[in-house]
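Each in structure tokens, the structures are laid out below.
In what follows, chain A forms one complex with chain B and a second complex with chain C.
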Partner chain A sequence: MKVLTLNFLTCAVKTCKSSSDSFPLHPKDAELASDDVEVNPQLLVNLLPRIDWNALRTTSTELGFPQLPEQPPTAEELGADEKVLKDLHSLLIETQIMEGKLVCGHCGHEYAIREGIANFLLPSHLV
Partner chain B sequence: MDYLIRFSQSHETFRLPEIQALAVIEGIDLKVISYSLESPFCIVHLPSATAARRLIQRSILAMSVHELWGAGADLAAVHAAVCATTPHLWADYATCSFKFTLDSYQGSRSAADKIRLINAFSYLGFAGPIQMRNPDEEFVLFEDWPLNSTPLGIADPTYCYFGRFLGAGARDLPKRLDLKKRRYISTTSMDAELALVTANLALAAPGKIVYDPFVGTGSFPIACAQFGAVTFGSDIDGRSIRGDEKKKTLRGNFEQYGLLAGLGGMFTADLTNSPIRRAPLRHDGDGATGRIFDAIVCDPPYGVREGLRVLGVRDPEKSPWIIPKGKEMYKDPDFVPPRKPYSFLAMLDDILHFAAQTLVDNGRVSFWMPTANDEEQEIPVPAHPYLETVSVCTQVFNKWSRRLITYRRIPDNEVDPEAMKSREETIYVGKSADELNPFRKAYFNKFEN
Partner chain C sequence: MATPSTTPSALPSLSAADDVAKLTAPSAVTETGTAPPAAEADADAYERTHVHGVYEAIAPHFSATRYKPWPAVAAFLHAQPPGAVGLDVGCGNGKYLGVNRDVFMVGSDRSPSLIAHARTRTKQLQTQVVAAGGAGRDGGGVAVGTDVLVADGLVLPFRERAADFAICVAVIHHMSTRTRRQDAIRQLLRCVKTGEAGRTGGRGQVLVYVWALEQGTSRRGWEEGGEQDLLVPWVLKSRQKQQKQQRGTKNQGGGAPEEPGAAPSHPDPVFQRYYHLYRKGELEEDVLAAGGAVVASGYERDNWWVVAANEPVHQGEQ
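Coming up: the complex of A and B.
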């Protein structure tokens, strides 16, 4: 599962949706891998307004990456600075969580990730 | 200038919506002059020949596009039109290599007739070499014949067109993604041609983000990735994504076609308890904040070949032990949460509501739904105040058909707030699959009233 995907996901439990603690989910015992993907500047520019930057900063720190700046880069900065582009690409697109768990900060439910595929199905008492 | 699009005479109701979607993707001003479901020839008005080539290049249902030099009810009318409107163009092709071809739809001509028809254009004065392989220019005479013209001995076509070939569509793509040669498919994988058409209708393009909530073996994400989009998907049954965990997996399909750059992320989830973050619907949003996808494409389960189920217990009173058992067991890696049948119409509503909450402005949702051909049993096209219907395409089978319905997410300030208030929360009653799903019931009753 890409770090980008993690930025799109909250806890699946309905009562958690209203709580800000349910996003982002917190990785636990995460085994990381890196895929080799060609940089796609157009994709990153399109993604920028859709990424929740504060959540990405949290995730990035929790996975042991260097602290991201407080403000997201602008589309112009991405176009001008190749290093910013490459770093963001490497974090969002290339980094994969292969094994581990995602934990909700509100209800504490743990979602397992196996071979890069996370499982968000809930047992009946949480539906 | 006017241009002639030569369609394939199949999936007729999909053809025009596809071309119109491609015009949106390429930002081309398209005006349809004449089009009929019964004919493969369509005349359109476009700003330039370059625009015509761009419009057609990724079309699955259009074979080619031509600069239209003349058209008429018989050959004399075609020649008159060519002589009246195109003499200023003739000099441009006086010395290049060229060839003439004849395209007779539903008709045939003898070899001698073909030569006679082609020689009738000698007044164009093309002096360059005639070259049947890779000529610089190709000129085509199209004839539209009535059905069964050869056995009925009909002498003349009903309409003729003459034009210069500009570019071809992407009719080779369905072969490239052919299910017969795909490593990993399942019983309900969408065939490559219709999956690609769906991707076109959803405006899949480089840099765009597409989501399929019923991903299965990944037919739609693969088609969208073929056009450069990055795709996400989920399925309530994780086994369909994992496959055999070796070569036959969803990821393996992306590998097979060299499309791994278009594989965003796949996970196991249920649409009614989706983990995707959503923005609450508002009337004054800025058009983007909190919304993620450019397009949502899916072929939801019809409840016939594959069950239509969501998380939950079918009858908690009859089987009260299931819930406490789940509480104890859910952390077990082999735990499979119980699922219950779900209403087909409620699911369609859920898809639309989900789309309204997650699509950016002008983003599209395209999904397939089945319906009975019998009018009394027909299932209406679902609606949502935040979505505008763009097109409804129908693939007809014997007693039922399936429709590909495409909607556009309209900007918040264009939404009628009254319509949202009056959108009643329909409650779909019933517990068994038949009670919940009118299509399934009609299907297994052989559509008899």
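Coming up: the complex of A and C.
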């Protein structure tokens, strides 16, 4: 599971959807890996405004990465500074959570990640 | 690449193995059992047996026969702007992930086995791109921004109103009550943007494909006024068996056994998948019942399709 994907996920439990605590999900006991993926600058620049930056800052810190700035870089900054672009690419696209859990901050439910795949199927009493 | 034994154009088509089963049966109709729609309370358990369990069991064979993107779906994906975020709900082996390399797509499926196939597949695409020095095979974009996860289409874990688009191909016809089919569309609509001013990207679009009842030109013999709720067999064949069959070795006729491998005269396990065949206009009705608007709709190669959105659509708007 990519860090970017986590930015588009909430708890699957219906009663959690309306709670701001259900997003972002919190990684627990996460084992990380890094894929080698070619940078696609246009994709990144256009993705940026679609990302919830505050949630990404939370996720990044929880995974043990350096604190991200309060504001996202602008498209101009991404175009001008290759390091900013590379770092963002590395965090969003290349970093994978291979094993661990994702925990809802509202209901506490834990979703398992195994071999890079998160499983959001709920036990019947939570559906 | 898998052997091109299936008709690549047919979308949720029967596999080559199904074709064989049909042709050797005395009548195609007797091979396909009718299935009463499940009662609401039992629908989940019913689908576990007649949809989820089947796909878990046939995942490798199914995946090997599903590799070519359907052109109309690929065109929808290519029409999305660079950087758009999309979902493929019921992505199966992930054949639509990576079609447009300039968008980011997350695929989900109820079947962990199919998702494992999808992950392997998208990882391979990624490696091929890097090995080729960053140039995509089609000369298009470079990065492969895809990810996959296991989720139920009625209980999706996606952040609401965040996706630019979603596709759901050959999935909703596996849900055994109309309430569930409409709810599935409602869940898709909740995932995509409403198109408010000041937000990045316009109103999100949802592309849905389902099998049609009206298949007048196909060999399946289904047509207007026919039974809409069916059990359609999947004959699980080993690769050698498939080749043998294609060389003309005849299998026994007669109805398919209910249980996998139950009849000794049928050494190939047969799995019965539940389908609801959509009649003309029904998919649009379901979109409206789900609170959505129909942007466009049509029929293509034995399937009804619709592009739905959240906001009311004015005439001429696409």
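Basically, the second predicted complex is superposed on the first by the 127 of 127 C-alpha atoms of A that agree within 3 Å, B and C clash if a C-alpha of one lies under 4 Å from a C-alpha of the other, contacts with A are read in each partner's own complex, and residues count from 1 in each chain.
Throughout what follows, a contact is a pair of C-beta atoms (placed from the backbone, for glycine too) under 8 Å apart; a residue touches a chain by one contact, two chains touch by 3 or more.
Keep in mind it's a predicted model, so treat the numbers as computed, not measured.
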item	value
Superposed partners chain B and chain C on chain A - clash or fit	clash
Touching partner for A:Ala12 - first (chain B), second (chain C), both, neither	both
Contacts of A:Pro123 with chain B and chain C, given as first, second, both or neither	first
Touched partner set for A:Pro49, first chain B, second chain C, both or neither	both
Offending stretch of chain B which, after superposing on A, collides with chain C (from 128-136, 254-262 or 326-334)	254-262
Residues of chain A at both interfaces, chain B in one complex, chain C in the other	1-2, 4-5, 8-12, 14, 17, 23, 35, 37-38, 40, 42-43, 45-47, 49-50, 52, 111, 115, 117-122, 124, 127
Interfacial residue positions of chain A with respect to chain C in the complex	1-2, 4-5, 7-12, 14, 17, 23, 35-40, 42-50, 52, 93, 111, 115-122, 124, 127
Contact footprint of chain A on chain B as seen in their complex	206-209, 230, 232, 234, 236, 238, 241-242, 245, 260-261, 264-270, 273-278, 288-289, 291-292, 294, 311-313, 316, 322-324, 326-327, 329-331, 333, 335, 337-338, 360
Residues of chain A that touch chain B when the two form their complex	1-2, 4-5, 8-14, 17, 23, 35, 37-38, 40, 42-43, 45-47, 49-50, 52, 110-112, 114-115, 117-125, 127
Partner chain A, residues of chain C touching it in the complex	44, 81-85, 101-104, 106, 108, 110, 112, 115-116, 119, 123, 126, 129-130, 134, 141-145, 147-152, 155-160, 162-164, 200-201
